[in-house]
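Okay, so here's the structure we're looking at.
Note that the chains take the letters A, B and C in the order they are written out, and that residue 1 is the start of every chain.
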């Protein structure tokens, strides 16, 4: 390959980018175009009516409500888990560390039927929670929260963990020598440092929870208006050959996914850059150091 | 083999990294590209190696057009700033790489490769490390392996990007001397990039001082140090006292008739610290100054003085210092031994030495 | 290292936090994992073994493996190509491309399945064309493969991009300056450097490919003994109240998850060692002045 102007030294740019673009176009861009084209068959008013029907609205409420709750639970407990795994030494630490990724590795359908069995009124947990306290989890929105908490658990832990690992001991020691209590150190020094990662993990968990399907359908009970999530409603419409209804819901979900994806990217960018401008001032700049210049104006 | 670059211009977006740069490097010469970071010296080196494209201009190897020859066909040895050793290969395999990737017809036999690699490792005095991996070597050792690897393909040109930048002072000094010796044995054109003036002056046959994408001056180390062509070169190579306009007496050459003394239109005089003498008694045109601080540094004595609140630095020999016996607070007079005046930043330098002898 | 003295929590706080963290993990992750196997063996070995050997279950296992085997090579090629372009070159629209690669992570699997129904389904764009040539994509193997491709393509690329960015261009440039062809450079320099990262991505992509439920569910049509992968088969058995059969099939998938976790941990360990070596291979502090 001898081009007139070898613009790039390393070979394979055109080939690799070309393959990646063709692949992405076939797999992502064209299908997305198809979705938009399909929804364009509707007028804006029709679209709005379908997107905001009572059943749709109920499904959004359930999907977002349970996702928000699950992501919040994981934000709190995920932070604790990450902290414990990084900072404390205890038997089985490495085992628990590896276990955190289980929800990524375990097929969601397996998680779904297992959690349902555990939390049903005859299950190990369900018989106590329901039998003793009369609180139903399986086949209610609470079941959805349980399933989503399981599925999205790794996100917060895995985004926060490396940040905690990177905290320099000196920072905490400095806070201690300045008279801060441990709690003050955590609240004023550690948490602000971890916060962007925590927020990113939360957003990732939330984003995943919204789209989750396999683990939820078994435990949710799937009662329209009560415990029917939006992805399931899409399937229900599909099974009734209501392609346009399914498309409308899919567009709504897709738009939300895009917004979330964008905010996650912005969050990560912010987390990486928020201290950059100050850092640049501290940077001596060039290593090239012209010899000491004495300036004397007389 | 000689290298010639003609009128090279290179832009990165709106930033002009190289602005119409021309340069000729004859066979057998060791040339240093010297300048502050961002001056374009590494870009120029990479263009010669074919690792960076250029927007305008030509690269000639031994008079032959090489501008569009691919990097892998240029037969240049390139030593990277961070060595770029293949970390999953042993030292031996690193050095052998260039031989093993030759087209089958030109590829030496396994035995020949072995001999060649071992002789190169002996040359860099590291044959006892052949089976080690890069991560097990010190910085200086890695640098020498990187050099051996580059030499294995018998390059016609050796290019080194900040070859000693990442090493500590002691190792750096040793490797400099060693590079000089190696270059003399090989008799090829070598170019190395550095931002360290001492390194450039000590090792190179010729120094190319660069700034903001153009060449400020080319010349032997002695030329660029004693006769800097521009204010930049003056400041970049060694310490210097800078005087902006309107001085009197022998310093008065600074004052240019056309300079109105306003703004940057005024001329500037440069005097190196060792080019000023300190006098105990007043003389015509001498500048009154007060000694602030005296410090002996090795063979020299550095004196810091003030003249009307401006700081002036002077370097004396130990003998001269013994004669003068300076102490902080002493009132003294200064006379220049040599002054260089630039009427403006772009003007030709005017050098003159006052006609008295001390 | 782990326990800090100058600034550390009191033992009581430490103990409480550990208890909460570990308790949460046991309660939410450990318990379900154990439950899968307990439920599978509830009626003993024999029914378990029998359930696994059922014809449809075996077919589902075979189909699951087949889908993964077809999908992975494409995604490996995509991952390496995309990472090569993104990590080693500068070009316009690079961040947009990177964002696009993340898309399947954000899109609901159900929506992903729907995308392909809209194209290949009977009423879709290409539906009439496919029908006239008697090609079946939706409710057939090709549809399931395409849906799985969509769901799993980011995994390898996401793993390789930061890795290759961190490794920089210098080693490849050195190879080229020493006369290596593009092919030689890739096989001798690039690939050995990324092999663990690549393997890591493959492990994750494989786990997802074999376990995918939502997207495949939409496009498969759930035809028993034909288009049922193992996760879909679990659902069918479960809905038929065949608890032993469902959990037997689920236990195979759970085993796959365990193998994945173990393999992942080993590769992580190898990569950490490699990074250590890389850090050691980097030049010492820049003392240049």
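Basically, a contact is a pair of C-beta atoms (placed from the backbone, for glycine too) under 8 Å apart; a residue touches a chain by one contact, two chains touch by 3 or more.
The structure displayed is predicted, hence computed values, not measured ones.
Peer 1: Determine, using the mean of C-alpha atoms as each chain's centre, which chain is farthest from chain A.
Peer 2: B
Peer 1: Per the definition at the top, count C-beta pairs in contact and tell me whether A-B or B-C has more.
Peer 2: B-C
Peer 1: With chain centres taken as the means of their Cα atoms, state the distance from chain A to chain C in Å.
Peer 2: Chain centroid spacing, chain A to chain C, equals 16 Å.
Peer 1: For chain B versus chain C, what separation do you get between their C-alpha means, in angstrom?
Peer 2: Taking the average C-alpha coordinate of chain B and of chain C, the gap between them is 52 Å.
Peer 1: Give the residues of chain A that touch two or more other chains, as numbers and ranges in rising order.
Peer 2: 8-9, 287, 289
Peer 1: Provide the list of chain C residues touching at least two other chains, using ranges where the numbers run on.
Peer 2: 173, 176, 181, 286, 288-289 - these are the residues of chain C that touch more than one other chain.
Peer 1: At which residue positions does chain B touch at least two other chains?
Peer 2: Residues 50-51, 71, 165, 195.
Peer 1: Okay, in this complex, where on chain A does chain C touch?
Peer 2: These residues of chain A touch chain C: 8-13, 15-17, 19-21, 23-24, 27-32, 34-35, 37-38, 77, 80-81, 83-85, 87-90, 92, 96, 98-111, 113-115, 117-118, 124-125, 149-150, 153, 169, 172-173, 175-176, 182, 185, 207-208, 210-214, 218, 230-232, 234-235, 238, 243, 246-247, 250, 253-254, 257-258, 260-262, 265, 287, 289.
Peer 1: Sort out for me which residues of chain B touch chain A in the complex.
Peer 2: 35-39, 50-53, 68, 70-71, 165, 195, 197, 235-244, 246-247, 273, 287, 307-308, 310-313
Peer 1: Would you tell me which residues of chain C are touching chain A in their complex?
Peer 2: 2-4, 6-10, 13-14, 17-18, 20-22, 24-25, 28-33, 35-36, 39, 74, 77-78, 80-82, 84-85, 88-89, 91, 97, 99-111, 114-119, 121, 123-125, 146, 149-150, 153, 169, 172-173, 176, 181-182, 185-186, 204, 207-208, 210-214, 217-218, 230-232, 234-235, 238, 243, 246-247, 250, 253-254, 256-258, 260-262, 264-265, 286, 288-289
Peer 1: Hey, which residues of chain A end up touching chain B in the complex?
Peer 2: Chain A reaches chain B through residues 2, 4-9, 286-298.
Peer 1: Over in the complex, which chain B residues touch chain C? Could you list them?
Peer 2: So the residues of chain B in touch with chain C come to 49-51, 71-78, 80, 82-89, 97-98, 100-102, 133-135, 139, 142, 149-150, 152-153, 162, 165-169, 195-196.
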